[in-house]
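Please read through the structure below; I'll follow up with questions.
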Amino acid sequence: MTEPVVENLEEVKVERKDVKGGSLASTFKLFKDVLKRDKMAMFGVVVLIFFILVAAFAPLIAPYDPYEMNRTEDGAIARLEPPSAQHWFGTTNLGRDVFSQVVMGSRIALLVGFLAAFLVTFIGTNVGLIAGYYGGAIDNFLMRVVDIMYALPFIPFVIILVALLDPSIWNIILAISLLTWRTVARIIRSQVLSVANRPFIKAAKVAGASDLRIMYKYIAPNIIPIALLEMAFMVSWAILAEASVSFIGFGDPDVISWGQILHTSFLTGAIRTAWWWVIPPGVAIVLVLVAIFFTARAFEEIVNPRLRRR
Amino acid sequence: MVKKRNIVAVLLVLVLGLIVVGCGEDEADVSVEGLTQVPEVTMYTTTAEYDPVRYEAAFMVAENWEELGVEVNVRPLEFNSLIERVFDAEEKDFNAFILGWSGRIERLDPDMFLYSNFHSSQDMPGGNNAYGYFSEEYDQLAEAQREEMEIEERQKIVHELQDMLAEDIPKIALYYRDEYQAYNHERFDNFTVMPGEGIYNEWTPVEIEPLTDDTVLEIASTQDLDTLNPMTAQTVWEWKLLRLVYDKLVRLSPDVEPTPSAAEDWEIVDDVTVDVTLRDGMDFHDGEAVTVDDVKFTFDYMLEWGVPYFDTFLNPVDSVEVVADNVVRFNLVEPYAPFITNTLAQIPILPEHIWSDVVDGEEITHPDEWDNPEPIGSGPFKFEYWRRGEEIKLAANEDHFTPPKIDGLLQVLYGHAEGVLGALEQGDADMNAWRFEPLHIEQVRELDHLTLTEAPDIGYYYTGFNLREAPFDNHDFRKAMAHTVDYDTIIDALIHGYGQAGGAGAVLSPANEFWANPDMASYEFDLERAREILEEAGYTWDSTGRLYLPEE
Amino acid sequence: MIKMVLKRLGQTILSLVVVATIIFFMFRLMPGDPTAAVVDPSISTEAREAMIQRLGLDQPLYQQYFSFLSDAVRGDLGRSFYYRRPVMEVIGDKVINTLMLMLSAMLIAYVIGILVGAYLAWKRGSKKEATLISIALTFRSAPTFWVGMLFIMFFSFRLGWFPHSGMRSSGYEAANTFEVFFSLDFLRHLFLPAVVAGLYFLATPLLMMRNTMLEVLGEDFIEMCHAKGLKEKVILYRHAARNALLPVVTTGALFLGQAIGGQVLIEYVFGWPGLGTEIIQAAQRHDYPLAQASFLLIALMVMIMNFLADLLYSYLDPRITYK
Amino acid sequence: MPLLEVNNLGIDYITEKGTLEAVRDVSFTLEKGKNLGLVGESGCGKTTVAKSLMKLLPSNGVISEGEIIFKGQDVVEMTKEEVRQIRWNDISMIAQSAMNAMDPVYKIKDQIIEAIKTHQPQVSKTEAIERAAKLFELVGLERKRLESYPHQLSGGMKQRTIIAMALALSPALVIADEPTTALDVVVQDRILHQIIKLQQEINSSMVFITHDISVVAETCDQIIVMYGGRIAEIGSTRDFFKDTHHPYGLGLQNAFPSIKEIGERLISIPGSPPNLINPKPGCRFAPRCPFVEDICYAEMPDLIEIKPGHYSACHFTDKIDQFRKEAKLRETWERVKERQIKKQLTR
């Protein structure tokens, strides 16, 4: 299997040997001036911060309890009302406020997104580090495992796992982390390979530093930026995965997520009548994913100068 | 530079520390020392895809139970696995479940809902007594009512049985739901509406007349059949079609009168013997003649192998004998009042020449493992093909004694209720197989090529309890739970007013005026009252509001 | 060349065996009764005992594993609980439905992706480039099922151009499979799901193509082509795109493993009777043998596609000789 | 009239940091069948001038002034299509990095045929293959090599393939951009002679771009020495080697040993090429010239005629004999280095 030059959606960026690591602080300083120049990245960061704030203060922002069956003045259930002053995104077939549901949904999305992404990046980075640094049999074995991982189609695997373990948020996070570390591992490994044979690493080895020290004190800082970049892409992937799994009915029933909202709206035929119940959750997902993507791409231009605007 | 990084690290550790401390065990609660918590309640319900109303109802009821301090884990299951887990599984691993009995016309007779649901003999796997309700007194009365041939007398026993259920509360009826369906009056006419079944009953396919040259009635459905084998079919989805392919001795007319079908006539010789004369000149779809031997074979075969779904209607039959070339005699074990309407009107006539060598022919251990791919019956419709997950086609059986006026019937499967409405709206389908979602009823009213039909519900939707283990083994607990169903919100919010409230222990819908007991004990929605009952029964709560069982 | 094909085939088979093993143990090690994964828990007890005997489920796990593998090779992946029929009978013909949808979607994605990607690289920095890229990106970030819902909402219900679900209008008469798949009615059903899936896949080949094109256009042999006086179009498509195609093909195959997830969702939204819908329903019904078989078939399809992509890659790039 | 006449050609590169004046006031003529050497350190604009003859400048390069009259037509005014037609047909190029000058995914044969058929569509495929085969014999490659892919050839073979391709349409002018730099010395010599032999065969003229003046000595009739984007000295090969009239010329000849000075350490010119983004006034070579005076910093020297056909851009061409003696001494150039360091410290 030829070593593909690039990875999946993340393959939008092209990893190169001459990538320079650089300490965390300098990376963020560079990140700031890329932001000034790149309008899209600025948009990405602003939207991302907006959603993080919404998720953090969701209970305060949401005007109604998302499950509450609101009623009109004359006491009837406010069923499938189009967007109005009281209900900005209208109501569902049971009179529940769509706006509050979307706001509360942001919590789960970001929780699953960041948690799963952190887990995936943690596993992937370590596997990549070990494979890249030790090389030889270990590297070969780990990379074969990664190849097998690629043979496991993601959503079908999650479906089976959730069917076996019963649907809950933690099972979804587990399923996502079990499978998607493969991409991170491969990218980190190639990055470690390029860093590992740099002179200062050989010098440390000669000076008698233990493998662990070399790996985590010298090599790791250089790959932190790439790891963070991968984590950004993993966040968007995890959010998309959670929404998809909830949409097909394997989501956590006692939790509100954008996928769940779309699942209920799809079943009760909202796509015929209640467009306001279908559009907002979808737009929320798209906004978050696009925001993450642009932020990550701006961040990537520092980490991977090869792609700087030519 | 280095200093800044350390500060960040310290902060992180602090935050993590706080989280860990926050969710530690709180101090011991003196009032519940030595008591055991009420075990977590697992409640099965249908998936939202299958029935959004039951799905939402489950969460509403669960929410009220949690307010009383009971942990509830609501687990939506696909319909067939739900049926298997509740009725077929040997060990019942649920505490509560939400299901519904569809209102088939035969079920106007109370025997089904009273005897087959609660008689202790019906507790075997596949039996309808999933609750594990065992009461000597109830069993005797249930048997007495089915033997009582005198209608007024039987009514008194039936009312008494309902009072007992209202007292023991093995289950709570949540709501009765009116059957709203629609048909395309520009393409077919002369539909029959029957209580409990709406327009998709035994008579409609036979009596409707095509108005255009397209003579195949297309029915849009959301649930596919599970099997074509009459010995294992156990839901309304199979029987709405199988009862057209297999003929029955008797059919119930639209105004619920037993009318002769495969049987030309019948005579009640005495309380325990009934003679049935078979109509002559009838053939199975493969041309073989229908004889009394087939009728005798069917009953012997079913009694021999056991058919859980029909067990209630078969166990009164002691033996079947052929007394003349067109007369067959049924000897009953004890008098069975609804024998004609329940047994003769439901048991399909199986062709002996096919079923006799099924077991060894197909090297299976039990007939219900045979999938009967090409069902051969003597009913008004012949089986044509079944593309599983897509559609099933029946063709008219011209030489049936009541030949249908249409040429065929095509039942098409759509992923969800949405697809059914779309098909009706765009003229792909001519009628829907099952009731409309409340939301769709208003939309159908505006479509001028469809006629909306309404029929009262003879069945009911309920939450059943598992009386074999805690917490529902305790009668007081069940009495308290009877007050946790918010009927008004269910009717108003979930079914938009198209139905009536149920009641604790209720089994017969008000539409069944003759048999339903008007003055049953009723339990209104009142969580405080429920709390009082629990308190009187010795239940206690801890500081976080979690409910504990009384001391043994 | 043949040596290379055999080597790659060996790797594919190996991965398939490993995936089958993972799935085998996943189902067997699940909590609760291990035989529930094979024998339908709801059939009567004696019938269950007989079935357990017949399938040898009382033997030690490794023996079951070997019989599982040998049966699988013969195409026998157990009986479905729900359909009470051998699994391959149930989903055998579903594979074609999924393939038809996936191939048409990939076709749309790759044809448009490569052409537009190449064009974008050529028109670097223009306003058009920014808009086209952001469109492709939004489609990539938008969940497929949501885009599917929007398309049904608009094209099917509002405009009524296309059917909203299913693969064929009901009661179709088809003499042979050919007629089933190439009738106008089928194409009308195929159009919307294929376009939605295509748009979802589009971003990857498009952005990939643009990036590799940018790299290739910087190569010396492109300057040489200009020096040779070749026409712009010739340089763009015959030389630059041809070289940029290589990584696009490889990652295309790799990306497939994830893209098939989107496909499963599209089948669910459009009620397309393929493996995707089957695996979802099987999982909802806890019909483990069917879920297991559908998963294996999907995994097999992904691996075959990877294998074909590798062949295509080595055909496209003469430097690859798999020494 | 001459095959090629370039008059005060000026070329700029637009970069993020400002406009880079890559080439300024370059004029020269090239007769048919003659060879011209373009010599100078890297970054002096020699490659830019060569590529501008075929309008092969990168996207941010622009011809800001001057004209390039090739066969009577001004290339600068030509439309894209007209330029495309003369490329390879009339002017071809032997690229420096032969390593990846050929498309890796097509056979050599197809790439040569493509060049031929683009400009002479009437030539049949078999005829084109025959011509390619004949060219391969000329450059000393077996015919069956036509069937192989670029990655299957060695460096030397690739260079010879490029040469064959460059001569495929017997162009009037061949630009050889450091054709042998990437090769080892032994192969280098053989390739050079092959190029000259072939050039005479098809009687085309040649522009040789190199930083190695010894290469030019053997191959070119006329030499242009460029420094900082301008012409430092122009003249016949003999004039330059025997009688250079520019300090930079003297420095260059020091840097390349002749047989006589075997064993001595080479004297190199201290400092590095000038930054051409808004350059300072005065002679571009001033900061590195041992004989610099105040005027050199102030005024840009014009090309002064030494004798017909030999010009030098230096204020003090008259003192050249004195400069020639001093330039041989190592101290002269040491003084330049000290001056540069002192200059750096005061800033």
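So that you can tell them apart, the chains are marked A, B, C and D in the order they are listed, and the count of residues begins at 1 in each.
Here is the rule we go by: contacts are C-beta pairs under 8 Å (C-beta built on N, C-alpha and C of every residue); 3 or more make two chains touch, one makes a residue touch a chain.
Computed from a predicted structure; not experimentally measured.
A.B. asks: Can you name the chains that touch chain A as well as chain D?
C.D. replies: In this structure, the chains that contact chain D and also chain A are C.
A.B. asks: What is the chain whose Cα centre is as far as it gets from that of chain B?
C.D. replies: Of all the other chains, the one whose centre lies farthest from chain B is D.
A.B. asks: Closest chain to the overall C-alpha centroid, by per-chain C-alpha centroid: which is it?
C.D. replies: Taking the mean of C-alpha atoms per chain, the most central one is C.
A.B. asks: Hey, how far is the Cα centre of chain B from the one of chain C, in Å?
C.D. replies: Centre separation, chain B to chain C: 40 Å.
A.B. asks: So how far apart, in whole Å, are chain C and chain D when each is placed at the average of its C-alpha atoms?
C.D. replies: Comparing mean C-alpha positions, chain D is 55 Å from chain C.
A.B. asks: CA centre of chain A versus CA centre of chain C: separation in Å?
C.D. replies: 22
A.B. asks: Could you tell me the distance, in whole angstrom, between the mean C-alpha positions of chain A and chain B?
C.D. replies: So the centre of chain A lies 44 Å away from the centre of chain B.
A.B. asks: Could you pull out the residues of chain B that touch at least 2 other chains?
C.D. replies: In chain B, 47, 49, 422 touch at least two other chains.
A.B. asks: What residues in chain D touch two or more of the other chains?
C.D. replies: Expected reply: no residues.
A.B. asks: Two or more other chains touching the same residue: where does that happen in chain A?
C.D. replies: Within chain A, the residues that touch at least two other chains are 249, 266, 271-272.
A.B. asks: Run through the chains and report each pair that touches.
C.D. replies: Inter-chain contacts occur between A-B, A-C, B-C, C-D.
A.B. asks: Within their complex, state which residues of chain A touch chain B.
C.D. replies: Going through chain A, the ones touching chain B are 24-25, 69, 76-77, 79-80, 93-95, 166, 249, 253-254, 263-264, 266-269, 271-273.
A.B. asks: State the interface residues of chain B toward chain C in the complex, per the touch definition above.
C.D. replies: For this pair, the touching residues of chain B are 47, 49, 77-78, 80-81, 84-85, 88-90, 125-126, 216, 218, 226-227, 365-366, 368-369, 371, 388-391, 393, 410, 412, 414-415, 419, 422, 426, 428-429.
A.B. asks: Residues of chain C touching chain A in their complex?
C.D. replies: Its residues touching chain A are 8, 11, 15-16, 18-19, 22-23, 26-27, 30, 124, 134, 137-138, 140-147, 149-150, 152-153, 157, 203-204, 207-208, 211-212, 214-215, 247, 250-251, 254-255, 257-258, 260-262, 264-265, 268-269, 276, 279-280, 282-284, 286, 288, 291-292, 294-295, 298-299, 302-303, 306, 310, 313, 320.
A.B. asks: Could you please specify the touching residues of chain B with respect to chain A in the complex?
C.D. replies: Residues in contact with chain A: 1, 4-5, 47-49, 52, 56, 59, 74-76, 416-418, 421-422, 437, 439-440, 443, 489, 492-494, 496.
A.B. asks: Provide the residue numbers of chain A that touch chain C in the complex, in ascending order.
C.D. replies: Within the complex, chain A touches chain C at residues 1-2, 4-9, 11-12, 14, 40, 147-148, 150-165, 236, 240-241, 243-244, 247-250, 259, 262, 266, 271-272, 275, 278-279, 281-282, 285-286, 289-290, 293, 307, 310.
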